[in-house]
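You will see chain A twice below: alongside chain B first, and alongside chain C after that.
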Partner chain A sequence: MYRHLKITLMLLPALAVLGGLFLGGLFLGLMRSFNYMPVIGLTRPSMDAYLAIFSDREFYRSFLLSIHISFTSTLISCVLAVGAALLLRRLHLGRTVITFLFQLNLTVPHLVGAIGILYLFSQSGVFARLAAEMDLISRPAEFPALVFDPYAIGIILQYVWKEVPFIGVIVLANMQTMGHDYEAVARSLGATRWQGFRYVLLPLIWPGLLSASVIVFAFAFGAYEIPALLGAHYPAALPVLAHRKYTDVDLAARPEAMALAIVIAVLSAVMLAIYIRISRRRNGC
Partner chain B sequence: MTRVVLDQLCKTYSGAHGAAVSQLDLTLDSGTMTALLGPSGCGKTTTMKMIAGLLDPTGGDIRFDDRSILRDAPEARGAVMVFQDHLLFPYLTVAGNVGFGLKMRSVAPDEIAHRVGEMLEKVQLPGLGQRMPGALSGGQQRRVALARALIIKPDVLLLDEPLSNLDAHLRMDMRDLIRSLQAETGITTLVVTHDQEDAVVLADRVALMLDGQLRQVGPPRMFFRRPVDEATARFFGGRNFIPGTCRCGVFDCALGPLQLPQGARTGPGRVTFRPEALRLAASGNGRNTVRATVTEITYLGTQTRLRLMSNGTEVEALVPPTDADGLKHGAQTLIHLPVPALWVID
Partner chain C sequence: MIGGDGIWARWFRTLTCLFLLVWLSLPMVPLAIWSFAHGWFFPDILPQEWTLEAWRHALSDKSGVLDALWLTVGIALAATALSILIGVPAGRALGMHRFRGKAVVEIMIMAPIIVPGIAVVLGLHSVFIWMGLTNTVSGVILVHLIPTLPYVILVMAGVFANHDPAFEAQARSLGASAFQTFRCVTLPAILPGIIVGALFAFLVSWSQYILTLIIGGGRVATLPLVLFNFATSGRNDLTGAIGMLYILPGLLILLITARQLSGCAGAVGGLGRV
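Moving on to the complex of A and B:
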């Protein structure tokens, strides 16, 4: 009992800072999203900000764009990561070096990666110039718009580049833990290579793949900097839209910004709950 | 029913010093059960995986009914391997596991359900189809793995250590189950085991592998009575190896002249006899009877182990405990070596 109390007391300062900053910020944001902002005379809580954003078409466009970015980048990352993990686990020679190189961009910040995407894929970037040099297009400006485009191709490219190693490392670790024996059993029982993958390997790595996907999806859904750097002005991803409203010269737009932020936070919390549930099921809890 | 021929089969792993399997010649007659016996690391499971198509041999050939199957994919060989660790798919129910092979063959779901029910009855697990593998005991999991293999009616069944890590009574039940299912289905079966008792009880023929090489193949009794060399004899519990020379059916050694059975080799060699074949004799007039001094007595429960010294040569005997009553360390006794129990090796 004493020991328990001692540990709790020792953890209290750290928990207080964490709780104060996080929960305090969340509480203030929540209050402002309910139109409670005494600084500008809003003292009667209401749902006006939520009603305003839910009746605004721009919100739905931004919401769909954010879903598109998160879903597409997660799906492509998963497919590529599983493919890469399958190849990496078959490697015998140079496996350590190649696996290290595969994981290398995990350490590169998202912003640096985004600048790389701009440098390579924008209409004044390396590939546009190369295409013009090779007479594939008459001038670099004719290069397809892969950055600042309405389909968010540049944003998705950046997330895929960054998240493939993240998911790949998790899936590869899963595969290495289970070895090749389950697939050998399946082959011995008459499964083809594809059936072995579809009916044995995929179900076995599914919990790990799913939890990694939820993390990637939630991150891509809530992240601000990449859509801000590589996205089109309209429609903007939800976090960009929230930031725009927050920095609006009219302080009255701030409750809407907070309402948007709360919506993003709630959706992220739902995804976190899904992730925890999957993890618990995986660990047999 | 399929006849399996392993012809000069070799396997060397990259980076390994020696061959895991070296020039293995073995025939599994159709419809029989053969035990591939040997200590850990002798190449048994490697051999089995090569037959199943899960490992490529570095040399030699594998033929099913005189047809080489080396180019066939594992799923096309008709050989199913049951692994030592069961390896039931943890995300499938027992029924899902047992019906897996049928599903891969696109059998209709109703047909799968029917055959799974029948197979679970056969392995004495009726009504457990909806359980998850984690909710089964080790013995039950092994039965499910066996059912999963048998349901697809393979040409060749490969069982890797099917009785390891089982309690004594479960082990006996499982032995009976494997024997009865093999007899009922007539599937050519290869059992890999390190336990000579399992090999002897289960198999029609035993193939002993040591250090990647086949030492002896034959009916189980052969290994006890007519081992080809000392390593084989020792693997089956042989303890007595006495050097000497055989002339005209008589072996001259430190124990004196010993009458040999017909067919024993002539010339220099070592006579061997099993500890349990040796008898304590009442009188010294019989053939192959020598005087010895007891140097050690160990009570083993169902038997008593005696170490005896005769003319400077130590022999070991396993006798019924009642026969050893009254014997003490240093006591003189007569030991009789029955002629059929003697055999000469290099």
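Moving on to the complex of A and C:
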């Protein structure tokens, strides 16, 4: 009995803070998305906010854009990160230098990376200037639109820049703890290099890769400041749309903003469930 | 080494390595150049004139950048201290004990790492208005606990999973009080973990944008908010200088922890959300 009391007391402050702030925030957002708030006199819940956003073309375009941003950047980051890790584990000096750069990159806030991408890829940015130097273009407007563009290329470039090191460090650590033995056995039994990677190494790093991808996907889906800085005005990424509706002068838009927040929360809950399943299975065997 | 390496394979590897090096450092280059540039117009590859004007303005009292810097440091320190205070006992419970409902508690702690801030903060805003916490520094500190606390708990749970309680039992049996035992036995053993957890929490709070924007209502102007405003108003030189200032703590923290970080994937996961 005493032991249970002790554990409860140790956990209580943390659960109170996370329960109050995190679950409380989600719960209040849910109530307000139904326009239900008895404290301020809204006693009749309604589905109007959801009906409004689900019948609006802008919502679907924003939703698809956000899915595109997170899916494409996760996929590219994973492929490049595994490639980089395969390359780095064979180099000694290069590995130390690049692992340091990877970690350095992890400490740089996304916002700074986004501004860097803006200065590199905008129509008057570094690459546009280089193109002008080589007489490929004569005016900024002739440089292809890589930021504020409808395909979110700038946003994806930023996430790839930031997440390749994140996934790379995890995969590299995974590979180092495994060593070369499994692959060496496969090769000695006649497997080709590709077979050794596809059927031996990849299954071994898969759980780590997958859980890192889930974190990256959820982050890219829900982050605000990167699409706010690098995105086109229409369609805007879902978090930007939610913020825009929340700060709208028309207060009636607020429940719609809450409904968008709930849509983001539901999608990230799915991500959370996948993440937990992966880590359970990994600990299980 | 697996398999033979031809000369082409080696060249390919070196080139790709160089490409990685350039690509990783590339976005920081124009920021650094802009901070010393005086008018850097298309199509100049480099600025016509170099100047310290942006740095002088950023570091003067007028611009408010230094105020923002200290405010951000203060908020991050407060959120870190609170997270340590609350997170260390929770980490101990999770790292050293089995109990019913543990899985639920773990999900509860993982959830804020996956669920984005915007999904939570819009709902929270209305109750913070009611409690008078919006547009205040204390409100911002409180909301920063949502992302910082889980990291501290996860790091501490890892530390306590390898912690041997027998030493504490011995100290108690030799007559040490509960406080003395904590002070002289437990604390020295977990201190490295606390430091790593604190540095993560600091960096996570340091990089928050949307939580500060909504709860601070634009009145609590931390460095990322100031940086965003300059970046969208076209003051590229000041943006460069503030951007450089903004990445400084992360750099320092990396240099301090470079050894603890290497090969510790769980700990690196903490930096992933920065």
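In this text, the second predicted complex is superposed on the first by the 273 of 285 C-alpha atoms of A that agree within 3 Å, B and C clash if a C-alpha of one lies under 4 Å from a C-alpha of the other, contacts with A are read in each partner's own complex, and residues count from 1 in each chain.
Here is the rule we use: a contact is a pair of C-beta atoms (placed from the backbone, for glycine too) under 8 Å apart; a residue touches a chain by one contact, two chains touch by 3 or more.
Because the structure is a prediction, the values reported are computed rather than measured.
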item	value
Touching partner for A:P150 - first (chain B), second (chain C), both, neither	neither
Partner chain in contact with A:I98 - chain B first, chain C second, else both or neither	second
First, second, both or neither for A:L229, with chain B first and chain C second	second
Partner chain(s) touched by A:R187 [first = chain B, second = chain C, both, neither]	both
Partner chain(s) touched by A:P203 [first = chain B, second = chain C, both, neither]	first
Which of chain B and chain C A:I115 touches, first, second, both or neither	second
First, second, both or neither for A:Q195, with chain B first and chain C second	first
Chain A residues touched - chain C or chain B, whichever exceeds	C
Chain B versus chain C as contact partner of A:I170, first or second or both or neither	second
Which of chain B and chain C A:A14 touches, first, second, both or neither	second
Chain A residues contacted in one complex by chain B, in the other by chain C	184, 187
Partner chain A, residues of chain C touching it in the complex	1-3, 13-14, 16-17, 20-21, 23-31, 34, 41-45, 85-87, 89-90, 92-94, 97, 99, 105, 107-124, 126-127, 130, 142-143, 145-146, 149-150, 153, 203, 206-207, 209-210, 213-214, 224, 227-228, 231-232, 236, 239, 243, 246-247, 250-251, 253-254, 258, 261-265, 268-269, 271-274
Touching residues on chain B, where the partner in the complex is chain A	14, 49, 52-54, 73-75, 79-81, 83, 85, 87, 89-91, 100-101, 103-105, 134, 148-149, 152
Chain A to chain C touching residues, read off their complex	3-4, 7, 9-11, 13-15, 17-19, 21-32, 37, 39, 83-84, 87-88, 90-91, 94, 97-113, 115-120, 124-126, 128-130, 132-133, 140, 161, 163, 165-166, 169-170, 173-174, 176-177, 180, 183-184, 187, 193, 196, 208, 212, 214-216, 218-219, 221-225, 228-229, 239, 242-243, 246, 257-258, 261-262, 264-265, 268-269, 271-272, 275-276
Complex interface listing, chain A residues touching chain B	92, 181-182, 184-192, 195, 199-200, 203-204, 206, 284
